[in-house]
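Look at the two complexes coming up: subunit A is in both, with subunit B in one and subunit C in the other.
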Partner chain A sequence: MSDIHPRRRGGFIEHTLEGLRSAMERAIYAEASASRTGVLQRLDPRVKVAGILALIVSVALAAKLWLIAAVLMLAIVLAAVSAIPIGVLASRAWLGALIFSGVIAVPALFLTPGTPFHGMPITLQGLRTASFLMLRTGTATTLMLVLAYTTPWTHILKALRIFRVPVVFVVILGMTCRYILLMLETAHEMFESRQSRTVNRMTPAESRRLAVSSSGVLLHKTLHMSGEVYLAMQARGFRGEVYLLDDFRMRPLDWFALGAFATVAAVSILLGR
Partner chain B sequence: MHIPDGYLSPATCAVAYAASVPFWRIALKRVKKAMNARQVPLLSLFAALSFVIMMFNLPLPGGTTGHATGIGLATVVIGPWAAMLAVSVALIVQALFFGDGGVTAIGANCFNMAIAGSLVAYAVYRLVAGRSALASARRVVAAGIAGYLAINVSALLAAVEFGIQPMLYKDAAGAPLYCPYPLNIAIPAMMIGHLTIAGLAELVVSAGVVAFLQRSDLSLLRTTAGNIRDTGQALPQASKRPLRPLWAGLAILLVLTPLGILAAGSAWGEWMASDYANPAVRREIALASLHHAAPQRAPQGMQKLSSIWTAPFARYAPPYIRGAAFGYLLSAMFGAGLIVVVVLLVGRS
Partner chain C sequence: MLFELDRLTYRYEGVTAVDDLSLAIAEGSRGVLLGANGSGKSTLLRLLDGLIFGQSGAILFRGEELCEDHLLDDAFALPFRRTVGMVFQNPDVQLFNPTVFDEVAFGPLQLRWPKNEIRDRVGEILDRLRIGHLKNRIPQRLSGGEKKRVALASVLVLDPAVLLLDEPTAALDPRSQSEVIDLMVEWGGGSKSVITATHDLGHLEDIADRCYVLDGGKLVAEGRPADILVNTGLLRRTNLIHAHRHGLFRGQAT
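So, the complex of A and B:
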């Protein structure tokens, strides 16, 4: 097999294929990462969900930059002991947060009224508010990534029951997660087959028509699939009532981790005021 | 549009969650009633579809690209309540597993896009489509406008949520703790992008897919079609009976309108220019404004603009009616009647 790849055209199909492929890769990577051996992987999903969300809330409440930075450090340590490479954090959490929040935070340096910062055309208040924005977004994204990469997604959704999320909602979320992968694959196949039959570069109008007709076809497939899934559910005895198998068990390590998360979150909330 | 963590204060997020929960509950109940057990796979698959459509990088006129959310499309095909749930589920999955939108902001994102978006899309679609035939071009236009307005209302809500943050939360040094931009920056910054690029993407997908469905499977447009003109396509449940309780409720509310007179003073911020010169009203204004005294005279702009138009039913008390209660009742009947007439006219056109 040759190492030389044909030069990719940067059209609508290619961009969409890239987006679909990247989403599928992320989902598959998360599944593989959750089954690795690591500290967080060994914990009960309910402890991780409650603990990570408590830390995110403490970050949201914090009015001190050093405290948010400390929680970010903790998130990096948690990732390191859970076999998540720092490169993955950088590319999947920080880069996005940096680009998206950066675009929003940079004008705040100049627009926020306050004391000029060392003779520069920015203000101290602007610098602080931009730092708050970027640190908070980066820390929360890192924490969520750590959770999503150390816990099977279906377990995270099941653990949402501790917040009294209705069972039917949890089941819908779980099924959605499964079918997102299938839909991504279906859409990927549709665009790939179209790409293989496209000789020239498509005009924007043609691309729009393709996007619209692909959405329409996917809609048809969705409804068709929904009917089939419903029939399959009925065949297995589904009568409208949904149940979840609660197979989580708390062990001493889980209780210890829960205590540690609760302590860190409570201290962060107290110190961050 | 997907608000990340850190942009909204925890209090704002809590309010957004609290505002979303009743809608989710009603939606679950209504969908369960309408579709029974079929709801579970249908909602899951529609949420997955919404997720995938959000990934299409749509080329737009002018050389730019944009993403659609599929709110308008989902609302037209499965109705506002089911769409509300499906889009909420897609947003929750994005926030939990793909880092798109914050976990603390799930309530706000769902309220802005899934809840307000689908309700606006439905109202606009029904209003613009009227009783037109399923295959008419008017339904394509209606779906396009519904998607466009839905995403713009969602963006406006997000902008308002952003814009109130610097007014409410600052640290000791005066630096805003969350989104730093006030309303006068947040609203134009959000709306320019949505009125042009994102709104256009939503319009193209909503209108385009409805046009596609008109050619491929017309039955998919029946759910939200209402009482359509073509008798061959009329829905069996279309009758005027279900509206009777609504008419009765409206009549009761009209009769009860004089209760409004019992409320003392005027609503905050709804003062007239002449109120500033009235010592009693000035005391009321100060009391209702955390003891901030009102200016000695009405602001010049208010003074100037207040003389442009004098309403025939000013302060719900027409000058030619002596009884305040009867004036209130008459105003309510006139206002409600006017709205009903406009809606009927638009619906029939």
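So, the complex of A and C:
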């Protein structure tokens, strides 16, 4: 009797399932958010793709922290007027950017030679380098998230084709998006099936073994499934080009927005030198 | 002839899925590729749809060779894709667009139909398959039966003259199975060619006027459904019936 432990709530499988569920929700949330009513949602996708990319370039070139912070503020305002809650920005853009760029930036605090900062074992120059890296990453991620949450994925792909991005690159991007969704779906099914057959509590070693073996199976399954999806696309006439029912049309608002994006990006580049 | 296969062989990962196969499928026929799991039915459908290509032998479609070079040419590929539609066994692989409406519009868009015609035609086909209320839903979030209908709609919207169906009733409840069978029988007023891969003998006489029995990638028999269904020796050899489970055939074994 005592050998069988009730399945612990919050075990490895449950955590994985929960993570996969929220990843799928995020993917679906992006499409739903893109069809909401907001300022950026009303703009032509070409304007958004060109404008956001111009802002990202200006951030990458900027040599002044206050300027990058100003572009970040602009991105937050754009998100707010496009019905993207600040909580979504914080959890899906800033947290990730903070963690990933933080891993690289933190050593710079201690290793960059220069003036000690208020008697601490970090230097002013190190702090400046780390701040640049983290702020640039956070701003670029926020801008990309604003683009992704206000523009349907297929519209972004079509806009890229209009800007002469090669077909191969656009097809790979499109397939990557589908591949990630398929991988999430397949992983979710695999872990649900595992959960239904798991009675005992898993030890950490068993959890690790499950994670490793699942990764291999998952990769194989999703590769196969992605191949099938591509065949199904080909069967309906797909030859690499992106066609949409919606025609892109530049209206006065789009021209105004394009001008505004171009001005802000140009001013940022000039001031940020 | 619609399709002519001449000593066609297709292998993958060391497995011969289609083995030196020769057969002819007539224009306007309702053919069934009959075989147990792993007999090569699905692979053969993909070969007929020009999605994969054999290592040896040839397929002719209305007298023209169906090969990779021809399918890279728009002049051949676009009319071919317009004429031949394929519904995959697993509807999930056919659903990759953000909404049901976009999914059904995908094929006509690729074939560059006028946009107004696409909107009208998609609306019609969704209503015909009684899934009009799902048009704004995310395809990945539908039930199995709904997904199958959307997958069917995404091909039928093209009104292809030749329809290739891979296990169209697999994993459907009895009512949905019956509706899909009715659709296949009525679709195109009987003037279209429909080639179905299945191992289900239950609806054979409804959906086929010609059967091609496959085993290990080889064509082992060809004939009218009525003749194939009474050949219990053949059905047992090809694992399509089980001697102890199919009471209908019990005592008739040859």
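In this section, the second predicted complex is superposed on the first by the 194 of 273 C-alpha atoms of A that agree within 3 Å, B and C clash if a C-alpha of one lies under 4 Å from a C-alpha of the other, contacts with A are read in each partner's own complex, and residues count from 1 in each chain.
Going forward, a contact is a pair of C-beta atoms (placed from the backbone, for glycine too) under 8 Å apart; a residue touches a chain by one contact, two chains touch by 3 or more.
If you're wondering where the values come from, they're calculated on a predicted model, not measured in any experiment.
K.L.:
If you tally the residues of subunit A touched by each partner, is the higher count for subunit B or for subunit C?
P.N.:
Comparing touch counts on subunit A for subunit B and subunit C gives B.
K.L.:
Once chain A of both complexes is superposed, is A:71 in touch with subunit B (first), subunit C (second), both, or neither?
P.N.:
A:71: touches no partner chain.
K.L.:
With both complexes overlaid on chain A, does A:170 touch subunit B (first), subunit C (second), both or neither?
P.N.:
In the superposed model, A:170 contacts neither subunit B nor subunit C.
K.L.:
In the overlay, answer first, second, both or neither for which of subunit B and subunit C A:154 touches.
P.N.:
Only subunit C is touched by A:154; subunit B is not.
K.L.:
Of the two partner chains, subunit B (first) and subunit C (second), which one does A:20 touch, if any: first, second, both, or neither?
P.N.:
After superposition on chain A, A:20 lies in contact with subunit B alone.
K.L.:
Quick one: classify A:229 as touching subunit B (first), subunit C (second), both or neither.
P.N.:
Both partners.
K.L.:
After lining up the shared chain so the two structures overlap, which partner does A:89 touch, if you call subunit B first and subunit C second: first, second, both or neither?
P.N.:
neither
K.L.:
Of the partners subunit B and subunit C, which touch A:122 in the superposed model: first, second, both, neither?
P.N.:
In the superposed model, A:122 contacts neither subunit B nor subunit C.
K.L.:
In the overlaid three-chain picture, which partner chain does A:238 touch, first (subunit B) or second (subunit C), both, or neither?
P.N.:
both
K.L.:
So which positions on subunit A get touched by both subunit B and subunit C?
P.N.:
153, 178, 225, 229, 233-234, 238-239
K.L.:
For subunit B, which residues count as touching subunit A in their complex?
P.N.:
Result: residues 4-7, 9-10, 13, 24, 28, 32, 36-38, 40-49, 51-53, 55-61, 63, 65, 70, 73, 77, 85, 89-90, 92-93, 95-99, 102-104, 171-181, 185, 204-205, 208-209, 211-213, 216-217, 220 of subunit B touch subunit A.
K.L.:
Over in the complex, which subunit A residues touch subunit C? Could you list them?
P.N.:
Counting only subunit A, the residues touching subunit C are 28, 31, 152-154, 178, 181, 185, 225, 228-229, 231-239, 241, 243-245, 247.
K.L.:
Touching residues of subunit C toward subunit A in the complex: what are they?
P.N.:
It is residues 46, 49, 51-52, 74, 77-78, 81-82, 85-86, 88, 90, 92-94, 96-98, 102, 105-107, 109-112, 115, 118-119, 138, 140-141, 154-155, 158 of subunit C that touch subunit A.
K.L.:
Using the touch definition up top, name the residues of subunit A that touch subunit B in the complex.
P.N.:
It is residues 12, 15-16, 19-20, 23, 26-27, 30, 53, 56-57, 59-61, 63, 92-93, 96-97, 100-101, 104-105, 108, 111-112, 114, 124-130, 132-133, 135-137, 139-141, 144-145, 148, 153, 156-157, 166, 168-169, 171-173, 175-180, 182-184, 187, 204, 207-209, 211-216, 218-220, 222-223, 225-226, 229-230, 233-234, 238-240, 242 of subunit A that touch subunit B.
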